[in-house]
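One chain, subunit A, links the two complexes that follow: it is found with subunit B in the first and with subunit C in the second.
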Partner chain A sequence: MRTIACLAAGGVAIALPFFVGPYGHYLLCMAVIYAMVALSLGLLLGVAGQISIGHAGFWAIGAYTSAILVTKVGVPFILTLLVSGLFAGVAGLLVALPALRVQGHYLAIATLGFSLVIVHVLYEWDGLTGGRQGMFVPRPSIFGYELMSDFSAYFLLLAILAVTLLLVVNLRRSLGGLSLNAMRLSDIAAQVCGVNRATTTMFVFALSAAITGVSGAFYGAVLGQLSTDSFTLVVSLGFLTMVIVGGLHSVVGALLGGLFLAYSPEFLRAFEEWQMFIYGALLVGFMHLLPDGLASLPRRALRLVRRRDA
Partner chain B sequence: MNWLPLLLSGLAVGSIYALIGLSLVIINKATHVVNFAQGEIGMFGTFIALSVLSATGLPVFVVLVLSFPIGFLIGALLEIVFIKPVASGPPLNVLIVTLGLFFMFNSLAGIIWGFDPYRFPALFPTAPIAVGGAAVSPTSLGIIVITLLVMAALYVFFEHTRYGTAMRAASMNPFAARLMGIRVGVVATVSWGLAAGLSVMSGILIAPLTFVDQQMMLAIILKGFAGAILGGFASLPGAAIGCLLLGVMEAFVGAYVDNTIKDSFAFVLIIVVLMVRPQGLFTKALKRKV
Partner chain C sequence: MPDALAVQGLSMSFSGLKAVDDLSFRVAQGSVCGLIGPNGAGKSTILNCLTRITTPDAGHVEALGFDLLAEPIHRLPERGVMRTFQNLELFTDLSAVDNVAMGCAARLRAGWTAELLGLPASRRATRAAYATADAALAELGLSEIRDRRVADLPFGTQKQVELARALVAEPRLLMMDEPAAGMNHTESTELGRVIRRLGAEHGITILLVEHDMGLVMSACDRIIVVVQGRLIAEGTPQEIRANHKVIEAYLGEGEA
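Moving on, here comes the complex of A and B:
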């Protein structure tokens, strides 16, 4: 049953671009890019119980690392994905360093401060990043072939997303994922059972940041240009909104969240001024009414039906 | 003698941070969560004050005094409507709600009042006065004096009044406090009101120096965090002193080292303090009972 559902979802994901136009391809690419961020944030928030309001910072590191390596050094795009992930991961490790000493939500403030510093640095370092004007980024390429259209880039993205999914799903089931879960539920009990709080927190931060970095590398390449405006606090909070709307505690929720963040600007275009307000209201509303997000709807509905039968 | 004006302007900016830092600590003590919407509540209240000012033509100082009850109402209402229903859940949920409130207030201010900066009338005379051979801005002095008065009032309230003592008790041990007849739920509402009142005051104090727009408190709330963490998030006096210290350090770093790193300085400081001395400079490490 589970395998069939997975295969069906994969089939739909592969078939979808054949039914939409070029702009639809672009939106699908964005949905996959966002879904990767949602997966990484879901890992941090849903599994480890740590919040980050600075994921735009890791995203920026990934995007600029890849763009600079491709344009200034001439490294193939596929290789830059690895470097982007590595750099963002190391940054994640640095941000999580306070985890050695502090508990609770202090780390959230550290992530916020970090992302603002990163954007500040990128903005000032205009010799490398183009500063205020930003920089142009070549299309993604694989083994020397440039993926000129979003149609072809989508399939590369889908492949990377599949790898990420596999990684995250397996991590959730592994000892590491279980100890993270235990940490979220009660850090004292987890530590009594032999979970090292500091190293597990740092590990999940680094992994989450690395996945976001890879997603950032794709973001720059698909968009074709980068400027520091793409990595503001609003973007970080948008990421948070998508994870909450989709659902924290499952991979399905992360995918739904990615779709939400890519398509919601289309639906909200008529109320452009209200977009941020709606994001905020969604955060508050979901926390009050549906804290496990859209992904928990089927289960809730099922429970409701059963109750009526009984 | 150019260190005196620098010290005073640093202390003035630090006072603004301190008001925000104090409100963060008050809410953290009551609800055990960091309220990310604190700065935006202050910004929103400042806009309301500006509207009141231009509609009624009251003197600026009356509006400054009125700002506290306005803020108190906003904060208390927010707590009752948005926070109380989720307060029994995991703290993470409350934190996310405050982030949602941040979004809502930030964009609502833009929708209502537009995205252009407004000028706020000066609270104090602008001509510098000479103190010991150095030119000192009366605005800085005024901000410092008002903040000190507010801090003294807070101290008296928390240490020497019945309700202040009840609030401290509710923060230390909610269960025991409830057994003693303290309505812990009401304490949380009052804390939110108190904190919002302080934030609106800080917004009005800083408004004549910057401008009033929907981004005005963004940097300030971060500095408030940084200062409170520097001094110790668990204690009101510690947080206040940390914020003042941060303001002074910023002023000197900006003047003697480099003005562009002034803004990033606070954020680097947050991470360093959290790594080296997470309980802050002035408080002892909190021991948790298992």
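Moving on, here comes the complex of A and C:
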């Protein structure tokens, strides 16, 4: 049953771009890019219970690392994905250090502070990043072939998403995933059971940041340009909103969250100035009314039907 | 018999109030030792010091031949030390079997890399942990509630799940903080049997903090009595029952 659902979802994902135009391809690319961030944030927040309002910072590190390596050093795009993940992952390790001491609101503020610092450094370092003007980024490429259209880039993205999905699902189903869940539910009991809180927190922060970094590398390449405006607090809040709206505790929720964040600007365009407000309202609304997000709707509907039958 | 636990001069104060005051005692290997005392005597603080939840102001603790106070909390299970909690520290949102499997997850895990890649080693480890958990649940007669969310279970059953979680860690020294709280008479009698069996058959040394005097008197080889953080008596259940200082300390509490 589960296998069939996965195959069906994969089939839909492959078939979708054949039914939409170039702008649709662009939106699909963004949905996959966001879905990767949602997967990483779901792991951090939904599984391990560690908050981050700084994921735009890891995203920026990934985006600029890849763009600079491609344009200034001539490294092939595919290889820059690894380096972007690595750099963002190391940044994740550093951000995990305050998480060893503080939790909750304080951790939220620490991660927020980190992303503000990162973005400011990128802004000031204009020799490398183009600073205020930003920089142009070449299209994603693989083995020397430039993926000129978003149509072709989408399939590369889909492949990378599939790999990420596999890693995340493997982890969530393992004893390591169980340990992360345990740490979220009772810090003290997890430690009594032998979970090393320090290394576990650092690992999950690094992994989450690395995945977000790879996503960032694609973001710059698909967009074709980078400026620090793309990595503001609003973006981090958008990330947080998408994982809550999609569903914090499942990978399906992460995928739905990616779709939500990619398509929401289409609906919110008329309310540009209200974007923060709408994200905030959605966050609060979903946490109160549908805490497990859109991913829990089928289960809820099923329960409703059963109750009516009974 | 060598000692599984040797506590020397343990002291701990909270803002000037001495919760544990120069406490020394020994627990022989394979024995069941009761730790009793009126409410507020410092029993839970003692247990927290002995399981690295809190760090005492002074004292030395040797457990199973190693310096216990030099180890971080998460290293205790691999050293053979495990505990249960008075007010439960379960993973409330997880099923009973998930909770119990956590007791041996750290020991059996294949490591982050194998887990991310979904290598056979990781899958084997998961299967082994759940098989161990199922066996422990069966031994305590809890197989029926295997897939139930622990938060939905009665308090007494949750206590048993916590005990199962501690047991799958294969401890050699187990500290239990009021395991019978919330249990009815039948359940606590059964618990007494389980505790005796752990000591006799598996050679597990047990330090038992408990208010249920029937359980303490029937399950323990020796009992130590603590009042206001100080040791006032030590001996076999018969000796403790006849000890004047103990009777005095418990006056008004009904039992003893």
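What we mean here is this: the second predicted complex is superposed on the first by the 303 of 310 C-alpha atoms of A that agree within 3 Å, B and C clash if a C-alpha of one lies under 4 Å from a C-alpha of the other, contacts with A are read in each partner's own complex, and residues count from 1 in each chain.
We take it that a residue touches a chain if its C-beta (ideal position, glycine included) is under 8 Å from a C-beta of that chain, and two chains touch if they have at least 3 such contacts.
Remember, predicted model here, so these are calculated numbers, not experimental data.
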In the overlaid three-chain picture, which partner chain does A:Leu283 touch, first (subunit B) or second (subunit C), both, or neither?
first
Determine, under the contact definition given at the top, whether A:Gln133 touches first (subunit B), second (subunit C), both, or neither.
neither
Regarding the shared-chain residue A:Leu167, is it in contact with subunit B (first), subunit C (second), both, or neither?
second
Contacts for A:Pro98 in the overlay, against subunit B (first) and subunit C (second): which applies, first, second, both or neither?
first
Which partner does A:Ile188 reach: the first (subunit B), the second (subunit C), both, or neither?
both
Residues of subunit A touched: more by subunit B or subunit C?
B
Contacts for A:Phe114 in the overlay, against subunit B (first) and subunit C (second): which applies, first, second, both or neither?
first
Indicate the residue numbers of subunit A shared between its subunit B interface and its subunit C interface, in ascending order.
188
Within the complex, which stretch of subunit A touches subunit C?
166-167, 170-171, 173-179, 181-182, 185-186, 188-197, 203, 207
What residues on subunit B touch subunit A, complex-wise?
33-34, 36, 82, 85-86, 89-93, 95-97, 99-108, 110-111, 218, 222, 225-226, 229, 233, 260, 263-264, 266-268, 270-271, 274-276, 278, 290
Interfacial residue positions of subunit C with respect to subunit A in the complex
51, 53, 72-78, 82-83, 85, 89-94, 98, 101-103, 105-112, 115-118, 122, 125-126, 129, 165, 169
Touching subunit B in the complex: which residues of subunit A?
45, 49, 51, 53, 94-95, 97-98, 100-102, 104-110, 112-114, 116-117, 120-121, 124, 188, 233, 237, 240-241, 244, 273-277, 279-285, 287-288, 291
